[in-house]
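Once you've had a glance at the structure underneath, I'll fire off some questions.
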Amino acid sequence: MRQNGRFGSFGGFYVPEILMPALTELESAWLDARKDPTFKAELKRLLAEYAGRPTPITLCENLSARLGWPMVLKREDLVHGGAHKTNQVLGQALLAKRMGKKRLIAETGAGQHGVATAMMGALFNLKTDIYMGAVDVERQALNVFRMRLMGVRVIPVDSGSATLKDAINEALRDWATNVRDTHYLLGTVAGPHPYPQMVADFQRVIGKEARTQFKKRFGGTPRAVVACVGGGSNAIGLFKDFIPTDAALYGVEPAGEGLRTGKHGATLGKGSPGILHGARSYLLQDEHGQITETHSVSAGLDYPGVGPEHSYLKDMERAEYFAVTDRDALDAFHLLSASEGIVPALESAHAVAGAVKLARKFRREIGGKKTDWRKHMDQAILIGLSGRGDKDMETARHHFPELDGGGK
Amino acid sequence: MRQNGRFGSFGGFYVPEILMPALTELESAWLDARKDPTFKAELKRLLAEYAGRPTPITLCENLSARLGWPMVLKREDLVHGGAHKTNQVLGQALLAKRMGKKRLIAETGAGQHGVATAMMGALFNLKTDIYMGAVDVERQALNVFRMRLMGVRVIPVDSGSATLKDAINEALRDWATNVRDTHYLLGTVAGPHPYPQMVADFQRVIGKEARTQFKKRFGGTPRAVVACVGGGSNAIGLFKDFIPTDAALYGVEPAGEGLRTGKHGATLGKGSPGILHGARSYLLQDEHGQITETHSVSAGLDYPGVGPEHSYLKDMERAEYFAVTDRDALDAFHLLSASEGIVPALESAHAVAGAVKLARKFRREIGGKKTDWRKHMDQAILIGLSGRGDKDMETARHHFPELDGGGK
Amino acid sequence: MSRDRYAETFDRLAERGEGAFVPFTVLGDPNAKTSLEILRAMAAGGADMLELGIPFSDPVADGPTIQAADIRALKAGITPPKAFDIIRKFRKENDDIPIGLLVYANLVHEPGLVKFYEEAAAAGVDSILVADVPLEESAPFRWVGEKTGIGHVSMVTPLTDDARLAETAKLGGPYLYVVSRLGVTGRDTSLSKSAKPLLRRIKKQGGPPTLLGFGISKPEHVCAAIAAGADGAISGSAVVEIMQKHAGDRAKMATSVRRFVAAMKKATKFGK
Amino acid sequence: MSRDRYAETFDRLAERGEGAFVPFTVLGDPNAKTSLEILRAMAAGGADMLELGIPFSDPVADGPTIQAADIRALKAGITPPKAFDIIRKFRKENDDIPIGLLVYANLVHEPGLVKFYEEAAAAGVDSILVADVPLEESAPFRWVGEKTGIGHVSMVTPLTDDARLAETAKLGGPYLYVVSRLGVTGRDTSLSKSAKPLLRRIKKQGGPPTLLGFGISKPEHVCAAIAAGADGAISGSAVVEIMQKHAGDRAKMATSVRRFVAAMKKATKFGK
């Protein structure tokens, strides 16, 4: 390994010995690629021509008026595939090609990362197998179909709780078996080095664009930058270029049914450092180190771990993490839909809900008056809208029976 | 009226007398607005910052290799809302605001235009009512929910076949009643003047961008420009700026279960000129002038009329129209998904299917060899990918049982 | 077709100091045979003129009641030729009453204007109102109407401004269809407030006699219409509703329509 | 803890010209009581050393068979302290057999390395293999192992290159866990072809004795492993499968495990 893969005491490569050569090869390929102008140009071209970058920032006038505070979105919902995921799967798939790999594998929870990886399988003509908890295969039948439509195999994982965590376990096992010709296309900034740094590197484009766009459109930097945190990839991607600025960084975790109920996924808020899936980071675990089950209305945030860089940012106090409940997120989902005509992913709705709380707090600080939000553009809240809500319609329908009524 | 609203013998304003003042007002407002730099700037800003324009063009390397002919997509699937519809609802809603209207109404079939209009209702803070055939309300429950989520009212229409055509009828009736404060936000380039011209004007951005992008990326113009035709808005939007070029223009209509079965929506291919919903244009009708029922697997193409400008382009032989079956479209839907990781709307899949047929034809012309498609970039086929397929997953699942299997 | 039945009728009514009552029905609703009986019942009830719709698949100017009648008639297999048959039969029995057709443009466009108008004239039709043809599109219809001896009926609405009103009035025609309120056909509980000022504005322009339509369902409405200055009133949805109510019983249907027409006609005598 | 049970055992085996047979089981599978009986059965069958897993919620290095055992044990409420209890009880009955632990890093990390290793040592554990700790992360584990008298077991795999092999061999430890093939734990039908060249490469480096693992399920595999140059063989999934097969019958389970171990042990005598 050329790097130590640490963020303070977090990160590392806690994997079975058998995976080390693959990680070393990957790190090396990535470190070379990121300096290679051809690779960079090709990735940039794909991000633009295939994925539709840059994505805009959108000033939400209605939401701002309603909250009395300027709210701006970074629109990753407009990326091909419907979420920020595409940014980094493009990078990894290009890297896999470069390394001469013949096959991609990936884990998926609700299916979003699986769909993103399936897109890459199609685009790069690579045999692709997606591990997905059997329970999730049942729950997310449409995404399973979507993946198969793109020609990939979806392998249901029956072991454990048969959800995301188990799909990762299974993908790691597959990788250990087929490590020579297979690239494990991990879905977030978690996992062993180099994944956390590499995925962050590919996602960094979010914040890079946003910072420039904000400056150009409104001058200066936002006061607060807010993103939801599952594994943490969209958050890191958005935060990265704001770390050297004055902007306060906020990560929003899923409080599920409430932090006290135990049914949540607030890894940074309620967890403690531990080792899972290759890295030392905050974890939700019991007193013996067994990983506990999590809950969130948003499948993409329903994960007991978190990327090690977030653990570092938390301990360094450069970013602040707090959690919002399922109900808060659903309300924010409705709020953004009704006030701007933008339906966020339930994951992203957590960021919106967090931003709403911050807006209220900021307003209270200046005396609670609602007027003249335009005067505070220099104090705007920039929200990472990591994805769109199309995938969440069935879930939302279930939670808003009063809005339902057509059909079924 | 300041213009005669004709395209040769097509178009016009065949509406009840009571709607004439509204059409006159609309025409006037639109003609003024399109010359007003403030309006233009505001629309441009919204297209960029809210809707995410420009959308890229994407060279499909796998598809091109498979067909032996260069295939390029214009990516309207990446527009906020998931289809080209957003381009023009933004324009109309801005115009409605300008006219001081307090309310929007619209018709919708599968719900796409309804959702697009609902977005506008939210964004512009306008009370919005969407007419939707009761049968469609049942069939498209998710889109109904989505509209309600954005705060609009969905009004089921029980009359007639209780589908799109009847929703238009009902919207026209509502407009006749509430014409003073209500803008009828029609969903395509059909309807009475000024709709066909106005909607085309707002959609023209598609072809304008595509022409410039193609020239910059590949040099010259494509040999063929292909779009699906329901009402015809995405097609006109794409064609418009290519009309003065050498590019051949192809509109692809839905042949449904086959042109001979009578179960299709090939208005230009199988219809005859007639008058419906405000304009003279090709129509599917019986020998007495009664409008006949249509069929297409793609709800957005399931309409017995077509925008009058297409009738004109057909009769002038500037554009050529042909139809592809449900099966062709479904195969193209699968093909694009599996070869590029881009899942098209079923409407857009018709354009892809049409383009596949053209590619085969072009290749036959040069002797049928598959190699070296890159040498023919100057003969590329540019496909209008009008929207993304998320909305069509349930339908597709039904048609590809062999790919299904997860859940339910 | 050189008789001008409208002029004759309006003259006679004027002599008597009465307004015109004009019931509307959809030809072939619920079937050809019954429909003919309904025409007879209307005449028997004292209708001064008849307004008859040819059923259309997409009647955008009509409300749900009349659309339902269209659908019934279409289901019964009524085509424009069959609709003309009904008129022809009725015309043989009654050569005096003016008959107006209410159609949608595509029904006229498909066979071709000339053919359609000629057939209408041959069947005994006196005027045609094309629901989705406004002033701007009316030229060819007026022209063919003139050639075939069929009067072109224009509509005016509360939204028609004075300039347009003047232009419309100048075109003449057997009568002006005055739309009493915004919206589509259908019942109302009271006569629209916009009717009176509109009629006053029309009177100022001169032009053909006026028949007030949309929402006329009670004798009071007829009274009020005529008091407000209309030369008569057209009642459509109310007639169709009565027919619908007695859907099961043809004899009762005809009797009820006759009685309704009689009651409405009576009201035309007290308006002026 | 100053006895070096591994060295003693390897010495004795060397004297006898035998290889080591090392059965694996998950502590607490299917419950604490039965698990203890399984340990006894293994010893009774002639196991030279034991390799014992502490059940973990996310055993990424293990295949479905062992994961199922983990789940059974966790369901039975087995925690690391309870797992140590089982060892402690067994150790009281048998002070000679080397006991190795197979754990995942988080089980060690959560209580803290020192505490975990001290408790393991107190229970009678001789070595620890942390399945998800490769060479690069091993320093603190080795350090604490040294302080607490617990041997650190490293893994080598067919993908380990010579430089890394040399580095690993240099670290010593009671034995090297030689992974016979790519993948995770689980049964195989034949011994992997990669085992032989790998063992040859290891031998060149010197270093601790080698135990071959992954896919050892038949006496032939043991034979072949030893013939190929391994100092012994570890069999996990096969043991767990036998236990699973007799899930309903504790006595039968223990007997079958004992017989299996005996058969496998026998094969160690013919390899060299």
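The first chain written gets the first letter, and so on, giving A, B, C and D; residue counts start at 1 in each chain.
Quick note on the criterion: contacts are C-beta pairs under 8 Å (C-beta built on N, C-alpha and C of every residue); 3 or more make two chains touch, one makes a residue touch a chain.
Everything quoted here is computed from the prediction, not taken from an experiment.
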Assembly fragments, chain A aside and the remaining chains unmoved: B, C | D
Chain separated most widely from chain A, comparing mean CA positions: C
Chain centre separation in whole Å, for chain D relative to chain A (CA means): 38
Separation of chain A from chain C, taking each centre as the mean of its C-alpha atoms, in whole Å: 66
Distance from chain D to chain C - Cα centre to Cα centre, in angstrom: 98
Junction residues of chain A, two or more chains touched: none
Overlap residues in chain C, where contacts from two or more other chains coincide: none
Contact graph of the chains (line, ring, star, complete, other): line
Pairwise chain contacts under the document criterion: A-B, A-D, B-C
For the chain C and chain B complex, residues of the former touching the latter: 56-64, 67-68, 71, 74, 79-81, 104-111, 131-137, 154-157, 159-161, 164, 179, 182-184
In the complex, chain A residues that touch chain D: 1, 12-22, 159-160, 165-166, 168-169, 172-173, 176-180, 272-278, 280, 283, 285, 287-291
Complex interface listing, chain B residues touching chain A: 48-50, 52, 55-59, 62, 75, 77-80, 82, 118-123, 125, 137-142, 144-146, 148-151, 154, 156, 217, 333-334, 337-343, 390-391, 393-394, 396-397, 400, 403-408
